[in-house]
Structures are given as C-alpha cells and as structure tokens.
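I'd like to ask some things about the structure below.
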Amino acid sequence: MIVRIDSLTFRYPNGTTALDEVSFSVSAGERVAIVGPNGAGKSTLARHLVGIERPASGTIEIAGRRTDGLGIAELARTVGFVFQNPDDQLHAASVTKEVEFGPRNLRFPPARRKELVESALRRTGLAQSRDAHPHHLSLGERKRVALASVLAMDTPVVVLDEPTTGQDHASVVLLGKLVDDLGADGRTVLAITHDMDFCAEHFDRVIVLEDGGISWDGPVDAWLAQAADTAGQAFELPQMTRLGRRLGWEGSVSTVTGFLEHLAPGADPAPAVSTAP
Amino acid sequence: MIEVKGFSFTYPTGSRPALHDIGFEVGPHELCAVVGGSGAGKSTLAGVVSGTVPHLTGGCAEGLVQVNGRDLADTPLSGLVGQVGLVMQNPFNQISGARFSVREEIAFGLENMGVPRDEMAARVDTVLHDLGLTKVRDRSPYELSGGQQQLLAIGSVLVMRPTVMVLDEPTSQLDAAGSALVFEALGTLREQGVTTLLIEHRMERLARAADHVLVLDGGTIVAKGSPGEVLADERLEEWGVAPLRYTVAARRAAARGLWPDARPLPVTLDAAAEGFGATVAHLDRGDR
Amino acid sequence: MSTVQFSPHTTGNSLVHRLSPLTKLTFAVTVTVCAFAVVDYRWPLLLFCALLLPAAIGAKVLRRFLLMLATFWVPVAAVLFVVQGFFFPEAHDVIARFGPLELKSEGVSYALLTALHILVLMGGFFLLLLTTHAATLMSALSERNVSPSLIYIVSAALQIVPTLSRRATRILHAQQARGQVIHGLRGRARALVPLVGPLILGAFTDVGERAAAMETRGFGATRRPTSLITVPDSAVQRSARAAMMLCAVVAVTVNVWGVMR
Amino acid sequence: MADFSRSTPSWLDERWRIGWGTGVVLVTYAGLIAVRPASEHGVGGPIALLALVGYTLGALLIVSGAVARLPATTVALLPVAITVNIVMGKIVYFSGLPLQLDSIGTVLVGVVAGPAAGAATGALASVIVGMTITPGALPYAVTAAMIGFTAGMLARAGLFRRLPTAVLAGGLIGVVAGVISAPITAFVFGNASGSVGQSALIATFQAFGNGMLKAATLQGLVADPLDKALTVVLAMAILKGLPPGFLYRFPFVRDRHVLARRPDVVRAG
C-alpha cells in the first residue's frame, strides 16, 4: 500500500468538521478519482496528502512512513501535488527552468535532472515552448507547465487538483493519456475532479466524498449503477450513463466503449479509431 | 443585433492575426455559440463584439463590426454602456472591488449610468432573486465561492439590461445546478429579444440552447450552422473541439450498422435515446 | 458576516457609530492638530482623557481601543524613551546612570511629550476605524464629490488585501510541495523570488481584464453617477465639522506664525 | 473623467494641483531646515505640526491631481499595486530579513504608468496602511508619493532599460526617500518610528553628537538606498515576466520606450 489513511479527522479553526473518520488505502499504480459536491472536503483531503494540513486525529502513511513528523518539503519526495491554479507556482524566467525547480530542490544529480525535465516536457507536449516565459503562455499551457514541473520530481504518488478545468479538448486528451501512462508505469495517481466523463474513462476506482465522509469507494461503474438520480444535481453524470438509463438498461455503463459493448457484445472490438474512448 | 463582416485583427505584439476574415450575424432572439480550442481566438472575438478589443488593447483591426447598427470602430466604449454587456471568463476580475457588498456591486453599473435610486434598488433586487443571490446580498463579493462570484458577475451585467450579451465561459466554475440557473437566465433573455454571443465548452447544454454554432480554429471560422450540423461534423476534433459522447457512440455504432440509416448523428440526449432505442428494438426483433 | 476581514471595524449602534464618518474623520484630524499645537505634555494627555477615552467608552469599543494602543503605541513609546532618554542631542541634566548610559531629563520630557502627541494621533484614528465601516466612509466621501477613481482605488485595495494574503499562503505551500526548504535566513532569502514572482505577476496580469470589465460597466462615463445607499448626515454635524475645521486652521496658523517668527 | 470637484477654478485643475502639492512639500521641507537652529527648546510641538500639516496637504494635493488624470487601466492597476506593497511588506517582515521591500508596487507603477500614477500609488498605499494596520504610516504618505514620482521620472529618463542603471535609479529613489522622510521621523515620531534596528541606528548617530534631523537623515541615507536598489532588482525581474500585451496597454511604456526593446515588443513598434 503506497497510501494508507486511517480514521482521518480534520476540523477548521472555526470548529466545523471538514473530514470525519476517513479511511482508505491505495496501492501502487492505482488510478483513483476523488469526487464530491463543492465543500465536501476533497481539497482538504488532498492537502493532507502533501502535508499542508495536519490531521486533528487519525494517521496518514505514505510509502510506509507516517507523515506526522514530515514537513511539506520532505513529503515532496514521495507526493507530487499539481495545484488547480498554475499561476500559484510559476516564477522562473523559462519553462525549462520552471520544470527544473523541483528536481533541483530535491537535489537530483544534473544528468538525472536533465533526463527528468526532458521527459516531463515531452509528456506534456511542451518541448516546443521550452524557452518561453511561463507567464507569456496561455492558461491551458500554463497548466501543463505546472503539471510538467511536478512530473519531473519523479514522485511515486501524483495528486491532481481539477486537472481538466480550463483545458481545451486536445489538452484533456493529452491529460487522459498521461494518467493512463502513469498508472502503467506503476505510479499512483489521485485526482480531484468534477468531470465525470474524464473520471469514467481514465480511473479504475472512485472515492465519493460527501459531508466530510466517504459515501462510496470502489469501481466507477458500480457506483454509477447504484447512484440515485438525485446525484445528477451535484454531479453531471457521464453522458453514456444517462443514455443507458434512458434506454432502461439495468446496471450501468459510463464510456462509449462500455456502451457499445452492452448494446451489441463483441460488435466493436477495435475502438481505437477516435481519441475519445 | 451583431453584424461582423470581413473582420481581421492583429494584437500589437502579435506576429500573425488573432482573427482573420471573420463574418457572421446574430439577430435579436438568437443565441450564437462560439467553440474552438485554446488559442483559437474565442476570447478575442468576445472582446471585439463588446468593444474592448481594440479600444483597450490596441492593435490593428480591419473590416466591419456593427452592434445594433452602430459601427464599433467609431464608437467609444462609453457609448456602448448599457447596450452591450460583457461577462468575462474569470469572475474575480469582473468584480469591480469598488463596492463592499454583493448588492452594491450589482448596482455599480447602474450608478455609473446615473439611474435614479428607487429604480436602481428594484432592478438590483430582481436580479438578486433571479440568480439565487438574495441570501448573500449583504456579504462581501470577495467572501463568495467561485460559483457564487460567477453568478454575481453575470448579475452585475444583466442588471444593466443590455440588448446584446457577450459571455466568455460563464459557467466554468459552476456545478450542475449553478449552470442550469445561468442557462435558464439566458433562455429568458432570448425570449425578451436579447442578442447573445456565448463562448462555452459544455457542449451538451450548448447543443440544446444555441440557435447557431460557430467553430473558430486558428483565428478563422471553419464551420457555422445549427448545433446538429456543426457538432456532428467529423472534423470537430481536428478543430480542437470535444465531440459529444453521444455523437461518437453513434458514429462508431453506424460503422457497424448499429445506427438507423437515414437518421443524422445525435447531439442531444433525446436524439441519441431515440436513435439507439430504434437500434435496440431492431436487434430485439432480430434475436427473435 | 458583512465586515471586511481586513478592517478593524466593530459593529455597534452607539451614537459614535451613527455619526457621519466625515464628522469622525474631521474630529481625528482636529484633535491631532490641537495636540501638536501646544508644547506642554499635560495638554495632549487632557485631550486623550477628556475626549478620546470617553468616546471609546461611549461607543463600547474601549477594550479593542486599548488593545490596539497597546499593540501599536506602547512599542513606539518605549523606543522613544530609550532613544531620546539616553541620546537626546545636547542634553546635560543627568538623572540616572545605567553603566555607560546616562538618562537625561531633557530627553525624558521630550520623549513624554512626543509619545503623548502620537497617542492622540493614533487614538483619534483608531476611534474612527473602530466605529466606521470602510464602506460607509467611502460612500460619504463619494457624496462629497471625491473622485470616483480615488474611491475605487481605496475600496478595491482594502478588499483585495485578504485575497492576496491567502494567495501568498497558497503559493508558499505550492513551492514547498515542490521541495523548497524554507529554513534559516538564507533559505528564506532564496524563497523570496519563487514566492513573490507568482504573487505579483498574477495580480498584475489580472488588471487588463478588470479594467475592461469596469469600462463596459460605465466606469468613467461622463454622466453623473448616482448612489444606491446614502449616509445619514445632519445640520448639527455639519456645523460641528465647520467649527472643528476652524479650530484646526487657527491652531496651525498660530503655530506656523510662531515658528517663522 | 472623474472631476475632483464640480466647479474647479483653473489654478486648481489637475496639473496645477500636482504642482501646488509638490511646491507645498518642498516649502515645508525648506522651512523645517531653516527654522531648525532656532527651535532647540520648542522642538516637538510646532515643528512637528508644520511637518505634519505641510506634508499632508502636499500629499492630498498631489493625489487628487494625479488620480484625476489616470486612464481606466491605470486606475485598475493602482489597488493591485497598493495591495502588493502591503502583502510584500508583511511577507518580508515575517521572514525576518533586514529589509522592507514594501514599495515594490509603487516603483512598478511609476515605471509602467508614469510619475503621477506612481505618486498616487505611494500616497494611497500609506493611507490604506494607515486605515488598516497602523495610523503611524499616515504621516509618511508624502515619502511614498515621492518614491513613485521619482521612479516614474527616472524611468522616463531611460534608467530602467538596463539593469545597472536601474540599480542606480533604485539608489537615487532611496536617497529621495531617506531625505524626505527624515523630518517626519525626527519631529513627529521623535526618531522612534520604524523597526528596532532603525531606531538603534538613529540612536547611534545621535550619540555621536548629531542633531535629531541629521541623525534621521543619515539613517535614511544608509538604509533606504540599499532597500530600494533591491526593490528595483526585484521589479526588473517582474517586468520581464509581464506579458507584452499587458505592457502595451500603458502609453507611458509604449510611447516613451521606458523599458528595453524586447524582441516581442519590437514587432509592435
């Protein structure tokens, strides 16, 4: 288990409980989406993983170590956190320098650093803009620079906060592929997202937070199958899920491939024609 | 009424045009949606129609842009106040900061226009009610959540009762319920005769709400037409726009003979359900 | 909560709270001018005890008032006594010795006088701030035809400060999460650019959009602006302000004349 | 746009108000120097009042004149710059570094939008700090105004095109700040304002037999140029990061070639 959270409870200074006895574990290479309505405690949970918040009670173990005594900067070796707003971190005079900031702080040797930076730039499609000033790029590109700067730290766990917001279609496709690849490389991905289609297409497991507690932890399709229709007010359910329901199907589908498989089993064996699965 | 003809624009610091040879019309009672990838020129187009580009940004513009019959090239921004409303992408920047409560922030535009106090109060309270902001009317605009700020930004423009509304991704920070409120308000405006230009990435809502869709790619209009025509186009992804899953499913189904032959590809849940319903019925019959 | 976190204002409904902000502003200015006008330490002390303290008690803000003075005035006064008590230029009258340092009476009396002047200056403004919401002050000023630009700048700045402070914390966390260690003076100096760069660049680049939003909402349009809310004022307060202003002008004139002569 | 008063006589219009304000400040400073010898016994009261009233009046005139002439983009820039000053001041204060760096917003506005905007930023920043953090900042409004004004004038003279001259400009701004603030520190606050470190420095100068104003001036000349030079270095890094389209919105930068020609801005010219 790369991440193990046990009875995590957190209260804001004003006394309201943000997280109440939250427990779950994640194994290496898993891709987990954390979803829930606004104010359910998703971001608070994510901030605990990087050590920005400290639990009122309960424990967090990452890669076998309790995080209690570790500072944010120490945890940075194991957990990379991509904040929602890229402008909260971009400061260097070029994209390359920006991406190098993390590996340099973690004191990787120069050759390894170069290798990591190059790979991160390639994976985020930024090789062309390596010399640009980060603040001269578009919002979508800036988000990718922030993502690259965390990837380059080569952490076993990567946490993404709303990665698809403000991104255009091409970037979302790139992001989806990246999440798949990271999982294949054995790195663990946790993502906070409200984009249910993205969640259904790229994650094996979903953790649903409601009012500071976990109301579901398991496969995406199984959750959608049991989620009440009222869930549609807080979450925009995947398009295919709603179509399946309209057709009166039992069980639940969430992706185009799953839908076609249910419609006529075996009829759509090679779906890799379109970039949208 | 928006009328754009042969319009091109280059930013003062740009090496190539941000918009090139743009032409379209949006009439009263119409909602025109603009879609496209990042850097396609959508926000620039919103700026052009609302008069902030090139008046505030500088740059080189050619061609014609008319709003309600007035040529924007010779109309200063102050001449458009109350006629054209602009809702920006980032609500934090739309909040003026000049006022300390939500109610006064909404009134800011009316104060600048010199609207008498009684009329102002009535108009502000109506907008607060319509957007569900009455509960937070005395709070500071900066204490609101991102979604509430977005509703406030829209309200602060709606209250000025513009005849042309330009909205740049107005629901980016809203949840399902919040965006439903916004689209409801847009529907009401359309009934009242307002001309709307909407930049939006929520294709599903857009497919239902828009009269026309324009696709921008690299600063030019590559497609325009009804949502059914444009959003079902095969080249949509090449243009940097996310296709609806319904359309993708139907296209892949059609390749395997699982989509009714004469039926166009669906862009709404209703059309998809109808089409696939027919397929399911057909398969059931075949099984028997 | 309708208060802006950044301002120290307390809610209340006392007479002092209900006074026009302009009256309180004029009072703060006049009482400061008067305090500085007379070279006798008893005079500012009298102003403080006879005017400022009772007003603070009447407004039911005494605790906060004293707390703020303790935070801001006491340190200044302490430094003042040390610097001037021991190092007042050309002072000779030694009243005590601490090792090589000599405490001199001229310095002490000068420090006492100056400290009391500052006490009145700070007290007058604390009273205004504790009993007035920034929004009311701004509305009152805009009714007096103060430039809308000026009102805008002050109001917006007051409101953006908490937002930007929160952002600074977020940036700090983001950089630490990228492995930046902020320990010791060198670490903190090195952390300055990664913290300040995003903070200022982000804040500045928002300006273009905000200006566009303001102009499309008619800011700076030539027509005379109206106002949604009004600030109550009265004839009594208007005459009181005139009297205070006269008082301040006389005090200044007499002094300048005295100094020049 | 935005008249200060509905019926302004011509000798009180915007340009003149800035001139009058600057005049009042200079006359006040000259007066303070001139009467100093005669005031050994009356020090503190009348002199302090003169400094306080003269400087405040000057600052008010400068601000009202400067603000009235600003275009909307600059008006939107000012609150942001003021906030940057305040938050920077807090960050640096809590970092324990022996610096202030709380004029970075003022300097940036001076360079980007010109002397008048810079002056308004500085003065209003002091007013905001005075309203929210400590009233002790109010009397220093004019110093802050002069920092912004000087930054703007030096930018107009082209000192911000290259880093070495910009550092020199920072030093000059520091000299102006040190000299202008000295009478306030000396007479209004009895040389006790600012940090403990500053007060210790002043005390040392006084112990060596300098008068109060001289001690305060010397302290300002030691500390301010260094702080402002660092401020300018930081400001130059920020200016480099600002998107070219942003800078293009300011006629001061665009038309006067205040900054080095960047490859991306040249195309525009």
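Per-chain numbering from 1; labels A, B, C and D assigned in written order.
Note that in this section a contact is a pair of C-beta atoms (placed from the backbone, for glycine too) under 8 Å apart; a residue touches a chain by one contact, two chains touch by 3 or more.
Listed by chain with UniProt protein names: A, B = Energy-coupling factor ABC transporter ATP-binding protein; D = Energy-coupling factor transport system substrate-specific component.
The shown structure was predicted, so the numbers you read here are calculated from the model rather than taken from an experiment.
Asker: Identify the chains adjacent to both chain C and chain D in the sense defined at the top.
Answerer: Neighbours common to chain C and chain D are A, B.
Asker: Determine which of the two chain pairs, A-C or A-D, is joined by the larger number of C-beta pairs in contact.
Answerer: A-C
Asker: Provide the C-alpha centroid distance between chain A and chain D, rounded to the nearest whole angstrom.
Answerer: 46
Asker: Whole-Å distance, chain B centre to chain D centre, using C-alpha means?
Answerer: Between these chains, centre-to-centre, one finds 44 Å.
Asker: Any chance you could list the residues of chain C touching two or more other chains?
Answerer: Each of 134, 148, 152, 155-156, 160, 193, 195, 197, 201, 205-206, 208, 210-211, 214-215, 219-220, 222 in chain C touches at least two other chains.
Asker: Specify, in ascending order, the residues of chain B that touch 2 or more different other chains.
Answerer: Touching at least two other chains: 56-57, 97.
Asker: Can you list the chain A residues in contact with two or more other chains?
Answerer: As it turns out, chain A has residues touching two or more other chains at 135.
Asker: Quick check: in the complex, which residue numbers of chain C touch chain D?
Answerer: Within the complex, chain C touches chain D at residues 6-8, 32-33, 36-39, 72, 76-77, 79-80, 82-84, 86-90, 110-111, 113-115, 117-118, 121-122, 125-126, 129, 134, 145-150, 152-158, 160-161, 164-165, 168, 185, 188-189, 191-193, 195-197, 199-201, 203-208, 210-211, 214-215, 219-220, 222, 251-252, 255-256, 258-260.
Asker: Touching chain C in the complex: which residues of chain B?
Answerer: On the chain B side, the touching residues are 47, 50-52, 56-57, 77-78, 80-82, 84-86, 88-90, 92-94, 96-101, 103-104, 107-117, 120-121, 124, 138-143, 156-157, 160.
Asker: List the residues on chain D that touch chain C in their complex, please.
Answerer: Residue positions touching the partner: 1-6, 31, 35, 39-40, 42-50, 52-53, 63-64, 67-68, 70, 72-73, 75-84, 86-88, 90-92, 95-97, 104-105, 108, 120, 124-125, 127-128, 130-132, 134-136, 138, 188-193, 196, 199, 202-203, 206-207, 209-212, 215, 234, 237-238, 241-243, 245-246, 249.
Asker: Show which residues of chain D lie in contact with chain A when the two form their complex.
Answerer: Within the complex, chain D contacts chain A at residues 237, 240-244, 264.
Asker: In their shared complex, at which residues does chain B touch chain A?
Answerer: Where chain B meets chain A, its residues are 37-39, 145, 147, 172-173, 175-177, 201, 204, 237, 240-246, 248-249, 251-253, 255-256, 258, 269, 272-273, 276-277, 279-280, 283.
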